[in-house]
Amino acid sequence: MNQYARMIVVLLIFSVLSGAVLGFSYEIANPKIQEQAKKDLEASIKNVLPGITKYEQVEKEGITFYIGLDDQGNKKGIAFKATGQGFGGPIEMMVGYDPKEGKLTGLQILSMSETPGLGARIKEPAFTEQFKGKSVNDPFIPKKDVQVITGATISPAGVASGIKSALEKVTKIYPVGGDY
Amino acid sequence: MANVILVSVLSMGGLSLLLGAGLAYASKKFAVETDPRVDEINEVLPGANCGACGYPGCSGLAGAIVEGKAPVNACLVGGPAVAQKIAEIMGVSAVEDTKEKKVARVLCQGGINEAKFKADYHGVKTCRAAAMVNGGPKACPFACIGFGDCAKVCPVGAITMSENGLPVIDEEKCTGCGLCVKECPKMVISLSPERNEVHVRCRATLKGKDTRDVCKVGCIACKQCEKVCPFDAIHVVNNVAVIDYDKCRNCMLCVEKCPTKTITSLFPARKKAVINDNCIGCTICAKNCPVNAISGEVKKKHEVNQELCIGCSICAEKCPKDAIVMVREKYNKNGGSCGDCAEAK
Amino acid sequence: MGEYKFLTTSSPHIHSGESVQRIMFSVAGALLLPTIAGVYFFGIRALILVLTTTLAAVATEAIFQVLRGKPVTIWDGSAIVTGILLALNLPPGLPLWMAVVGSVVAIGLGKMIYGGLGMNPFNPALVGRVFLTVTFPVQMTTWINPVDGTTGATPLALMKMQGISTDYVRLFIGNVGGSIGETSALAIILGGLYLIYRGYVDWRIPASYLGTVAVLSFILGKDPIFHLLAGGLMLGAFFMATDMVTTPVTKLGRIIFGIGAGIFVVLIRLYGGYPEGVSFSILLMNAFTPIINRLTIPRIYGEVKTR
Amino acid sequence: MLKTFKGGIHPPYNKELTKHKPVEKAKLPQKVVIPMSQHVGAPCEPVVKVGDHVKVGQKIGEAKAFVSAPVHASVSGKVVAVEPRPHASGAHVLSVVIESDGMDEVYEGVKPPKPLEELTPDEIKNLIREAGIVGMGGAGFPTQVKLSPPADKKIDTIIVNGAECEPYLTADHRLMVERPEDVVLGLRAIMKATGVSKAFIGIEDNKPDAIEAMKEAVKGFSDIEVVPLATKYPQGGEKQLINAITGREVPSGGLPMDVGVIVDNAGTCAAIANVLKTGMPLIERITTVTGAGVKEPKNLLARIGTPVGELIEQCGGFAGEPGKVIMGGPMMGISQSSLEVPVMKGTSGVLVLQKSEVKAVEPMPCIKCARCVDACPIHLLPTYLAKFAERGMWDEAERYHALDCIECGCCAYVCPANIPLTQLIRLAKNRILASKKK
Amino acid sequence: MYQLVKDFFNGLWNENPTFRMIIGMCPTLAVTTAAMNGIAMGLATTFVLMFSSLLISLLRNFIPAKVRIPCYIIVIATFVTVVDLFMAGYFPAMYKILGLYIPLIVVNCIIMARAEAFASKVTPLRAIADALGMGIGFTWAITLIGAVRELMGSGTLFGYHVLSENATHWVIMLLPPGAFLTMGILLGIMNVITRKNVRDTQCH
Amino acid sequence: MKELFFIIAGSVLVNNFVLSRFLGECPFLGVSRKLETAVSMGIATTFVLTMTSVATYFIQFYILEPFGLSRFLQIVSFILVIASLVQLVEMVILKTSPALYKALGIYLPLITTNCAVLGLALLIAIKRYNLIQSVAFGLGAGIGFTLAMALMAGIREEMEFADIPEALQGAAIVLITAGLLSMAFLGFSGLIPM
């Protein structure tokens, strides 16, 4: 039994020490990680809502909205996350929406696992820029009102349908021309 | 901060206690004993998995040794060094290697140049396959077929095929495992004690005339070797000369006599006895010399007539003072010249 | 009677006279039909592409063999078959250097690294074709319409993306966009039947392959005739899924091979990301071939069931 | 549909060379070499010494074991040597060499036995054993052993093998055309010896005259039926024949008697008939000497022990340059290196191929075309067996049933890559059996 | 001292974990779509390898044989988590790419293999020398693979355009097959260079 | 139901653990020489993967997350649990079914350090699957692993007969073959919405 006791004790010491070290490291690194995540979020919101300097976070019907404000505190648009189904998995994106105009103000792909060099080019501004100023009432059909990337049709279609389906909900909460 | 650390320490501690205790309990409850010596022996064995020991691979032998079914020196490839290590693991003293080392020798010289071909063989290029087609392409039914099955099976790479289509065995590398002996469909390879240097390189039991018809270097059963041998070590049995390796003293008289060069020795030159200053002149050597090559007066240093000496080394064995050394001049094992190849044996 | 030195061999002492070369050159001959059809529809460009891949394939094989110090065996005809087959799977407008890359990959990675003829697990031409599809997706999906030479979509892509079907007769004759050799079902069937007649192709594979695609697409509510005629299915079924080296040796195994490939094609065509799945399906079944062989060892004569 | 089996091949039969040539009696040889082992089983022990004088039909080799058959002098004359001599297998086998005195005197002990009707089964079996009769299709299994199955094996069918599926050979064909009643007599003896009341005579349909002759000969024997078979190699293989005629399958590793069948060659039946009629043991047989390498192919009734060279000379000698001399047919025969080898009990033919016919082709890599798989009458995977044999993977070869191979040669015949499949499988069998003996 | 140098250089070439021992294939294949990823993954692994080797070597006489594997795992997992946390906090861009594969350093055979086969038997100094050598050996190897894949797949090297902007990209190099093929071919080339037959080594 | 099917089919064909996620490469390269062993290894791994998916589900969602530990204790606790689980399974099998142990037992210790297991645990945490989904995912991953192992082993058995250039013998040819296999599996990409 002695042998087993020794085994358990050693294991226990290792785990406890490990727990301590990890807890300690977490305490140091965590603020940094949080800060980093916040920074990322802010950058993407600012990217899709040009001209804003800060934002407010609002929860409505299970969706998180980031309402962008400029220096003067004027509302400049709403950013929200949308998910589309791509070739290699879900495509996470941040969409900027201006309810007043009923138009999109920008699009940023947050994460995706599309084919590098092909579907992955939906990240590139050459693709995302086309959504800027696009009317939310557009059909969002690839090769019609959405330009696709040569050799890849599914990824852009995923983006387009992801935006469209998100917009369907969002435009009910924040109708075009309505207040927010 | 302290809170996070505390929680993590506690949960890790709890988790490990739980798992550790669980495993400890399980390992007690489900304990199954295995003998660690099996693994140890397995590590010592050469790992060639040649099967020469008769067990399926090295781990098979390791198991058998631990179970006491196989001796510690069962591995022929590993030799005494491995046997020693295994003996240590098993806690017994290494069994004294009473058997002297044997090596494989090719008992056929009928290569492409010497043997007559009776047919053009075409087909699978292995000896065994060729042997199954009309007994092989050579006219002599005892001839080496020459596709090198022995070389392929040798676990230590001691066998190479010569340009003449005969296997050449590197006796330094050969461990005497006997796999080639088993593999050869014509049974032209056999194991013989390493110290034996003279061999009849033919197994053809055909009548002398028939043998002469099929091979330039086959034994024609002329019995000249039998007559010349001073030690009664060679006899013609069933139309072919056979050496009694226990009696043969490597004197090479038969090698010199053989008209077909069927009998060969490993070395071109024979050893010669040389008497050094330890000699007290006891005359034992002179009395025992079968060719009367030693002379000298009592209590005086004796002399060996190098012309007559046949290198049988009886004198060296009989000498009470170890005053006789057998020396081979000019040649080393590989046939090149070498000035001082004194071999004490 | 004089002295004779006879030849001795193990039995049998007579031989059918069949040879690997004869098989390979017959296949190459049969491939001429779809090649001619391709050249007819896509013009001299297609011919140049065929010659390029064939030369590159043969050269690659020779270079590999010289580098390894092995005898050069390009005259067994297998590299020629691979070269032609690869070209027939390429869009007519593909840049020539890419075709060369395809040939090098097909022969190099697909065949020579496994030791050459007979030892490759995958069909070399398909290795080349799929490599190109994955590597140069844009160029490999730029199709030229026959006759007028404009670019357009293949019938399958039209069906998948826009739900547009294509006329059966055009599909059968081959007057549609697609790879050089895949468009004319007529030429392929003629060539394939010739090989079946010569006994160089086992009818089981094309039959089970095409049958599975037809039945499955019908069950899933699609047009079976369209799916049989469109895309590379015919070429695949008669010339690539029947490659002896990479398909099962047992009869039952070949049927399983065809069914498996058929299921994969329908799966990929109807639900997958690629409009066409013939190459992938055969390549996948090539991977399954050793296992199929293992599982379909025929019951030998008089085998006693032990259990 | 004619009865047949699954698999097999259609090689060119080349039987036209001899099929219409009546059997000729070969010249009495000057010297015969009679090997003590012409059969499956233990070799005989010679019972004569050098210098002894022997007469035709006199026993010169005694069978000591159960599975063995005695051998008899095929000429009268002096024993000049008892020593190992080249044998069709390539090995040197202990043989008795008799120099003929040209008298062809018959041994006194050779007397016709009682008529078949009066013989008991045991007496028939004893006659067959003493006459040294073995399977004359090639394998040479002692016939009497075949007729004495262990008590637990119930035999209900006898099949006479008249398929003669080997290309070129016409010995059985001519026998059935010329002496059908002998075949039937021998068969009836076998039926009586084993107490079986159903017999078939299987003949490939490329021998319509033999079928006709046999049908005529069995008229009046309602228990004997002549069965025409599809012409396909190896239709005459024991297992294939049983399968084609009865639909039964001999179990793997088993013998025909395991499915209640005994198969005997037509030649064996005729040899039994000869014993019944004259009392003369097996000292001669019909041998087809044929092939493009022979000037005048013939069917010869040759004495056992005649060197094949003599037979070839009687057929006008070699035509063109001979490349290969084969004892037996081209599919399963053994190629010879010497013309000294003697005709034996199982020598159904001597085939000489011209040099131009036998070019040795280097094998190419296997392209897995599976022609061998389709051709194998046992449904083996020869391609895999050969690969295992090439790499010494004997255990795998055994698992893939290498031991069931009947060495018919179909796989190697069809292989486009010229791989010596049959030889490789034979090698594997040899190794597997060798390791089993240990 | 000589021994330390030898231990260090051992991992660089003779017993290079990637090209000679063929272990740690998962990260090798997974993250090498770009040269930079290789460096980052390599350094992260080196860090874990060094500290865990050091610790295991220090404690080698204290750990009972029966629980040594769980102990090693805890040590390794702890260092990996530390790397994970700090990478997420300080190198977020790289963290996003390497993502799942940082935690998987835990089960990278290289670390376990060195702990079990080397660190647990030698002095701490030798353990560090070996870990450093192995780590750097791993790093250069996967950086090389990453470089090849990046160059062919994206036309860039460490993110800089090396080939003409219009050069055709070999998309396959960035996909899973490209990883296997590149690794296989590089391995073949390495074998040719050393003219030695590498026997198929497996993990543990 | 459909979703579970997608999870399984997806992890077998589309995102095969070995051929597209690069998890479990070590056994894939090392233990794929013989079909029988490869399949045994695959089954043993599938077993452990399925068990792990259950265990990690509970640890992640009932211990780590409620106490806010998942960010930094995840790796350590997962690997500890996996190691103990494997050892426990090994001991239980050894005691209860020696026949099963003979077939699977020798592979079990190898599985602890199979990245596929830890990878699965982490992926379950990332994808936030529920219990049933987790099990399906574990099962699918195992089947995919077994499939890849079996295919590779089948090809390698045939490769025994091939005359592979010396420089490519061993791991190199296996890697290239894996590349071609993975290329063939690309045909499934985009097949199932994941």
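Structural remarks
Letters A, B, C, D, E and F mark the chains as written, and numbering starts fresh at 1 in each.
Going forward, a residue touches a chain if its C-beta (ideal position, glycine included) is under 8 Å from a C-beta of that chain, and two chains touch if they have at least 3 such contacts.
By chain, UniProt protein names: A = Ion-translocating oxidoreductase complex subunit G; B = Ion-translocating oxidoreductase complex subunit B; C = Ion-translocating oxidoreductase complex subunit D; D = Ion-translocating oxidoreductase complex subunit C; E = Ion-translocating oxidoreductase complex subunit E; F = Ion-translocating oxidoreductase complex subunit A.
Just so it is clear, the model here is predicted, and its values are computed rather than measured.
The set of chains touching chain A and also touching chain D is given as B, C, F.
Of all chains, the one whose CA centroid is most distant from that of chain C is B. Of all chains, the one whose mean C-alpha position sits at the greatest distance from that of chain D is A.
Looking at E-F and C-F, the interface holding more C-beta pairs in contact is that of E-F. Computed from the mean C-alpha positions, the centre of chain B lies at a distance of 50 Å from the centre of chain F. We define each chain's centre as the mean of its Cα atoms; on that basis chain C and chain D are separated by 47 Å. Separating the centre of chain A from that of chain F, both taken as means of CA atoms, is a distance of 31 Å. One simple way to say how far apart two chains are is to compare their mean CA positions; for chain B and chain D this gives 46 Å. In chain A, the residues that touch at least two other chains are 7, 11, 14-15, 18-19, 22-23, 25-26, 30, 33, 87, 115, 118, 154. Within chain C, the positions touching two or more other chains are listed as 5-10, 109, 115-116, 119, 131, 134, 137, 273. In chain B, the residues that touch at least two other chains are 4, 7-8, 11-12, 15-16, 19-20, 27, 118-120, 122-124, 129, 132-134, 137.
For chain E in complex with chain F, the touching residues are 22-23, 25-27, 29-30, 69-70, 73-74, 77-78, 80-81, 84-85, 100, 103-104, 106-109, 112, 172, 175-181, 183-185, 187-189, 191-192, 197-204.
Against chain E, the residues of chain C that register as touching in their complex are 98, 109, 131, 134-137, 139.
The touching residues of chain F, when paired with chain E in their complex, are 19-27, 29-31, 33, 71-76, 79-80, 83-84, 109-110, 112-115, 117-119, 122-123, 126, 165-180, 182-183, 185-186. By the touch criterion given at the top, residues 137-138, 141, 161, 273 of chain C touch chain A in their complex. Partner chain C is touched in their complex by these residues of chain E: 168, 170-173, 175, 177, 181.
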